[in-house]
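Presented below is the structure to which this report refers.
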Amino acid sequence: MAVQLFLNGVILGSIIALGAIGLSLIYGILKFGHFAHGDLMTLGAYFAFLFKVQLALPFWLAFILAAMLTALVAIILNFVLYRHLRKRDSVIVMISSVGAALIIRNIILLFWGPQNKFYDKAIQMPIILGDGFLRIKENQIVILILALILVIAVHLFLTRTKLGKAMRAMADNIDLAQITGINTERVIIWTWAMSGVLTAAAGILLAFDTHLTPVMGWNLLLPLFAAVILGGIGSPYGAMFGGLVIGISQEMSTLVISAAYKPAVAFTIMILMLIIKPSGLMGKKVS
Amino acid sequence: MLKINDIYAGYGEIEIIHGISLEVKEGEIVSIVGPNGSGKSTLLKSIFSLVDIMKGNIDYLGTDLTKLGTDKMIEQGLSFVPQTDNVFPTLTVAENLELGAYVSNKNLKDRFDLIYSLFPPLVEKRKKKAGTLSGGQRQMVAFGRALVMEPKLLLLDEPTAGLAPMFIDLILDKVVEINKTGVSILMVEQNAKKALAMSDRGYVLAAGEKKYEDSGKGLLENEEVAQLFLGG
Amino acid sequence: QDTVKIGTLVPMTGGLASYGQFTRNGTLLAQKIINDQGGILGGKKLELVNVDTQTNPQSGVDGAQKLVSVSGVNAIVGALSSGVTIPVAESVTVPGEVVLISPASTSPILTTLDDNGYVFRTVPSDSLQGVVAANLASNRLDYDKLAIIYVNNDYGQGLNDAIVEQFEKNGGEITASIAFEPNKVSYRSELMEAAKDSPDALLLVAYTDDGGITIIRQALENGYFDKFIFTDGLKAPEITEGVEQYLEGMYGTAPTSMPGGNGPEIFKNLYEKEFGEIPPKPYIDTSFDATFVLALAIEKAGSTDGTAIRDALGEVLSEDGMVVNINEWNKAKDLIKAGQKIRYEGASGPVLFNQAGDSMGAIGIWKIKDGDIVNDSVEVQ
Amino acid sequence: MLKVDKVVKEFNGFRAVDECSFEVKKNTITGLIGPNGAGKTTMFNLIAGSLKADQGEVYFSDQKVNSFAAYKIARLGLARTFQIPKTLKKMTVLENLMLVPGGQSGENIWNSWFKSSKVKAEEKENESRAYRVLKFLELTHVADVLAANLSGGQKKLLELGRALMADPELILLDEPGAGVNPTLLNKIAKNILKLKEKGKTILLIEHNMDLIMNICDRVIVMNDGKHLVDGTPAEVKSNPRVLEAYLGEKTA
Amino acid sequence: MTLGGIFSYLVFFLIFTGIYAVMTLALNMQRGFAGLFNIGIAGFWAVGSYTSAIMTTPPSAEHLGGYNLPFVLGLLAAGLVAALLAFLIGIPTIKLREDYLGIATIGIAEIIRLVIKNEEWLSNGVRGIAGIPKPMAGFLGHNYNIFFLLIVVLIIAIFFYLSEKGINSPWGRVLRAIREEEEVVKAAGKNVVRYRMEAFVLGAFMMGVGGALYAHFTSFISPEAFKPMQATFLVWIMLIIGGSANNFGSLVGALLTWGIWTGTEFLTGMLPAAYTTQASALRVILIGVFLEIILLSRPQGLFGEKKYSASSSKS
C-alpha cells in the first residue's frame, strides 16, 4: 500500500515538478511570483483538448502544438503586461499576474464551458504487478517517461547552453547582464517560452491522467509554489525535487492523517522547511 | 573614436547632465574627475544608454550609440565596468568571467588565464560565488570581465575603489599596458592624481557640467582644480 | 410597470459554474412557459433578472442586494450552495422581506433559520435521501459493510450523516467515511483508504464535476471497487461514458416525482425542445419549479409584495389540490382565479412546502441498464 | 574598549578570519589594513554582531558580546558603516539619518499614539542634528532626495553620516574613503580627528595609506584572516612583511 | 429602479466596501509600511469571523461556545485572536525573506480553511455558523444597514487615525526602514524582529476586526467565504490600485476595486438572457482587463506612495 501511494505520489510529483520549474525560473529571473502559472497550465491542457479531441489530431502532435501555443500565450503576457511593470515593485507584477489568471481562466470558461472534459472517455485498466502489490496504467508510464525527458532536456539546456547561463546571470542582476552584452529581452522571451512549454506539458499530463476542468491549474498553484519554495526560489533543480517531495508526501500523508487534510500537507512541509532551512533544500545562500 | 556631443541626460524627469561634450581619440586614456554626485557615472551610463537621454548624440566609430542596443555595443568593442553592482553574486567567479565573452563564440581560455595571472587572489576563488567575495576581490572580477573580450574602448567607473594599494598600482599599470595595445580608455577616478598623471586628457565635472578640460598634466598643475577637486 | 420581476441568483463563474448555467436554463424555461401562456398578473410579462454569485458569499450577498434594491425584485430563486444562500437570506432577503427559494441548498440550517417564513427550498433535505440510500444498500443489495466517500460540503456532509445513521441502524457496518476536497486531480489515496477494510461497495456522495467522475474512474482503474451506490449528484449518463461495462447494474438514489406524476418526463421534453439535450445535472428541474411556484404565488397574491408572496406560497399549494402540470400555466391561473388549491406536479416531482419551507419530495431509486440511467422505483416518504 | 581574542570565522570550510586577536584602546584612532580579502570586513561583521564567530571571543565595553544580536551590540554604543553602502532606498536622505538615534520615545507605537507632543519635540531636535551632519558631508542639497537616487560616493557619505548620527562610543568605519572625492576626504579626516577629541574611539578600515598615516594612532595589519603585525603607522609602513603582503614594492 | 432602492443599495455597497477597506488598511500596515508580504489575509479574516461568531452566538451544540457576549466584545476578541494567531505564525516566519513569508501565510490560510472545514466541534465544519447576532437589529428595523454602515465607518476612522499617526512617527519610520534594508536598522540598534512583529500583529488585529464585521453583517459564515480570490487577492488588488503605503489610497482602492467588481455586473447584465453564461465569464474577464489597465497606466497606484514623514515640521 505504501509502495502504491509512493508511486502515485511520484506521478503527481513529476507533474508538479514540470510546472514548478518554469515558475521557479520566472521567479528567479523576473523576481515575481507568477500567479497565472496554474491557469497557463490549464490553458495548455485545453489547447491539447482542442487539437486532440476537437480536431482529432494524434496525441503527440496535439501535445507539441498545445505546448507551443501555450508558450506563445506566455510570451504575449510578457509583452502586453509584465514587460511594462518590470521596473516596479514585484508585488505589482504579481497582482498583474493575478489579473491575468482571472482572464485566462474565464476565457477557458467562455470557450470550453465549465464542464469536465476528457481526452479519452474510456478508462484504462492498470498493469498489475506482484499480485496487486502495485498497479500502474500505461498512461502513467507515458507520463513518467515524458516528464523525465523534459526534465533532462531542461537540465541540458540550462547547463550546456549559453542561454541557460544568461538566464542565471539575469536572475542575479539584469542591468549588469545587459551591459555584458546579453540581449535581456530575448532571454526573457525564451524564459517565458520555456516555462510555457513546461507548464503546458504539466497540464496536459495531468489531464491525461485524470480530466480537464477550468480550475485544475488554479487548484494546483499553491503546491507549485510550495515546490518552488521547497527547492529554493530560482533553482530549477530544486523545483523538480520540491515537486516530487510535495507529490509524494501529499499522497503518502493519507497513511497517517485524514485525507481531508491532504491539501495541507504541502504547506506544512513547506513551512517546516522554511523554519529549518529558509533558503530551500537546494537554494543557495547569498549575501 | 568616441564623441559625445552636447548631451543632456538623467533619470526620468530629472536632468543630471546638462550639455556635456567630450571626446576620446583612438589610443587615448581620458579621465573624468569631479566631486561626488557631479554626474560622472551618469555620463558613463549615458554612453551605454543606461539612463534616459534627453538631447544630444554619441558618435562611436561613425554610429550613433543612442540608437544601438547594448549587445551590439559589446560586439563593436565597447566594454563597461560600472561603479556598483558589477558582479553576478550567485554565479561563480569563473562564470562571471565567462559572461564577459557572452557575445563571442571564440575559445577564450588564454584570456581567462591572463586575468587569473593578473589577479592571483581570484585563482582560489574560481569556483566560489562572486557574492561571497570581499569588496576588492569583486572589483577584480568586474575588471577582469571587461578585459575578456579585448575591447576597443574600455569604460571604467572607479576601477580602483576599494582596492589595496598594490592592486591600485597594478590596475592602473594594467590600464596603461592595455592602452599601449591600442585600446582606448575612458575612466572615472577619485584617485584623481594618479589617474590624471597617466591620462592624455582629463575632464573635470561639477554639477552636471564640464568645468575644465585639459591634458592630464595640465589639470594636475592647475592650482584651482587641485584645490577644489583633487584634495589640495 | 408591465413586467413582473423575479431575481435569479446563481453561480455563473467560480466553483459551481458548471451547475449555474443549466440552473439558469431551468428558470428561463419556466419563464417561457408562463409568458407563452399569457403572462402573469393579468397579462404582464415575467422578467427574470440574473446576477452571478461567483460561487462565493461576498459576491452573492452583494448580488442579492442589487436584485432587491436596484432591480426591485421581491422574490428570488437561488442561491445554490448553502454557504451563499444563508448569508443572502440573513443579510438581504429576510430583512428586506423578500421571498427566497433555493433550488439546491440542502443544509439543515435552512430548516431552522429564523426567517419569518421568507425562505423556501425546492430540493428535499438530505436526510430523506440518506435513509433511502442506506436502506437500498442494506435491504435490497444485502451489503453488510459499506464505505462512503463524500464531497466535503454541506450537501455531502448531510447525506453522509444520514446514511451512516440509517445503515448502522440497519445493522450494517460503515468501514470508512471519507470526505474529499472537490476538484482535486487525484483521489487515489482516498480510495485506497476507503477500500482498506474490504467493504462490499462504495457509496459515493458527489457531483459529476466536483470529482465524482474522477473518483469512479480511478476506483475502477485501480481496482479499488467494483460495486457502487450513487446519490443524486451522480444521476447523469456521463458517469458511465467509457465505463459502461463496469457500471452495469449499479444503483443510485435521487429525489423524484411521486408515482403517477410525470413532471420529469414533460420537463425533459420541453427542455430539449428549447435548449437541446438536457445535461446530466441536478437542480435544473428544481430551479424550474422554484420559478414556477413563485409565479403561482405571485398570481395568487395578486401583487409582487414580498409578504403577500410568502403568504400565498403557503396557501396555493396543497397535497390534495387540483393537479397542475408544468406546462399548464393557463390552467393554474384559472384554478387560482377560482380560488382552488393546486397540486403542482413539478419537474422534480410534486412540490409541497412544510412549515419550515422545506420541500417534501419523494426519493427514487435509479439504476444503470445497458449503459443508460433508468428509474427503478419510488420510495414515498 | 574593544578586544578581539582568537576569533575564527569559516565560510564552508574557508577560514576568512583565522585566530585573529587585537585590542583597540579607548579614545584612539586605530587603522585596520590588509590586502583585499584579508578578512577585515568579516572582522567588522563579527564585532558588530552581523556574523557570529565560530571560535574565540569579542569583548566590548567590558562585556563579552559574541552571542549578542547586532542591535544589542549597537545599543551598547557601537556604530558601523558598510563597505558596500546600504541605504534605505525609498526614504529620503534626511530620514536615513533621522532613523538612527537610539532611544527615541516615538519609536514605541504607544507613545506615538498617545504622547505626540513629547515625540514631536524630540523629532525637532533630531532633525536639526541630521541637518548638521548633512551640512558637514556636503549633502544638504540632497536632504529630500531618495537615497536610491544618490551617486555612489554620496551613498558612502550617507553611510558615514549614519555613524555620526548614532553618537556611539566606538565607530567602525569600513573604507570611508573609497569613491569619495579627495577634497571632501580631507575634510572627513579632520572630522574623524575631532571625534577623537570628543573622546570617541574609532576603528578604521582603509586602503588610502595617506589617510591612515595621517590620522591613526595605531595600525593593525591583517593578512589571510590572521593578525600580521601592529604598531604605529610609521613602524607598520616600514615593516617588510607589510610591504610584501600589502603595499607592494612601488609604494614603498 | 427607485431612488430609495438605489440609496439602500448604496448603503449596502458602502458597507461591503468598508469591510474591505478595513482589510486594505490592515494590509497596508503590514505591506505598505513594514514590507510584510502577507498573502494569507483569508486566514485572519476567517479567524476573526469565527471568533466573533463563537463569542456572540447563543450556546450551541454544533460548534464551540457560543458565549452570548455582546457585539463589541466579539469584535475585540476577533481582533485579539487574529493578533495572537499572527504572533504565533510570526515566531518562526517573521524573520524570513518576504516571498517566503508570503508563501507561508498563504499556506497557513489554507490550513485554517481546512481546519474550519473539518473540525466540526469548533466551527460546525462545512455547515458553517448561522444566526450571528446583528447588533441592535430588532430595534432598528429597516434602518439597520445605515446603522451598520456607521459602525463600519467608525472603525475605519479609528484604524485610519491610528495608522496614520503611527506611520508618521518614528515608529513608522523604523518600519519603513526595515522594509528597505534590515541591516541598517539593526546597525542602528533597533530590534527588527520586534518591529516587524508589531506591524504584523497590529495588521492582523485589524483584519480580525474586519472579519468580525463581515460575520455580523452577513450573520452566517462558512468556509466558502474564505477562499483566496475574494478574501486575499481582492484585498491585494485594492491595495495596489490605491497605491501601496498610502492609507488614503487604500480606502479609495477598496472603493474603486469593489466598484469595478460589482459594477461590471450592470454592464454585462445588459446582454440578452441567452448569453448569461458568457456574460458572467466576460464580466470576470472585464474585471481582469480593468485591473490590468489601471496597473499599466498607473503602476504606482492611483495615489502612489505617500511621503510619510515623522518630523513635525514637515508633516
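We call the chains A, B, C, D and E, going by the order they appear; numbering starts again at 1 in every chain.
Throughout what follows, contacts are C-beta pairs under 8 Å (C-beta built on N, C-alpha and C of every residue); 3 or more make two chains touch, one makes a residue touch a chain.
Predicted model, so just to flag it, every value in this text is computed and none were measured.
Touching chain C and chain E at once are the following chains: A. Of all chains, the one whose Cα centroid sits at the greatest distance from that of chain B is C.
Averaged C-alpha coordinates put the centre of chain B at 51 Å from the centre of chain E. Here the spacing of chain A and chain B, counted between their Cα centres, is 42 Å. For this pair, chain B with chain C, the centres built from the Cα atoms lie 75 Å apart.
Spacing of chain A relative to chain D, judged by their CA centroids, is 47 angstrom. Counting partner chains per residue, chain C shows two or more touched chains at residues 13, 17, 20-21, 152, 179.
With touch defined as above, residues shared between interfaces to two or more other chains in chain E number as follows: 117-118, 277, 281, 284. In chain D, no residue reaches two or more other chains under the touch definition.
Here, these are the chain pairs in contact: A-B, A-C, A-E, B-D, C-E, D-E.
Across the complex, chain D meets chain E through its residues 48, 50, 69-72, 74-75, 79-80, 82, 86-91, 94-95, 98-100, 102, 104, 106-109, 111-113, 116, 119-120, 122-124, 126-127, 162, 166.
Across the interface of their complex, chain C is touched by residues 1, 4-5, 8, 12, 15, 106, 109, 113-116, 118, 120-126, 128, 132, 135, 137, 206, 209-211, 213-216, 219-220, 251-254, 258-260, 262-263 of chain A.
On the side of chain E, the complex with chain D involves touching residues 162, 165-166, 169-174, 176-177, 179-181, 183-192, 198, 202, 305, 309-313.
On the chain C side of its complex with chain E, the touching residues are 12-13, 17, 20-21, 24, 28, 48-52, 54-59, 61-63, 65-66, 68-72, 81-84, 86-87, 89-92, 95, 107-109, 113-114, 152-154, 156-158, 179. Against chain E, the residues of chain A that register as touching in their complex are 27, 33, 35, 80-81, 84-85, 88-89, 91-92, 95-96, 98-100, 102-103, 105-107, 109-110, 113, 222, 225-226, 229, 233, 258, 260-261, 263-264, 266-268, 270-271, 274-275, 278.
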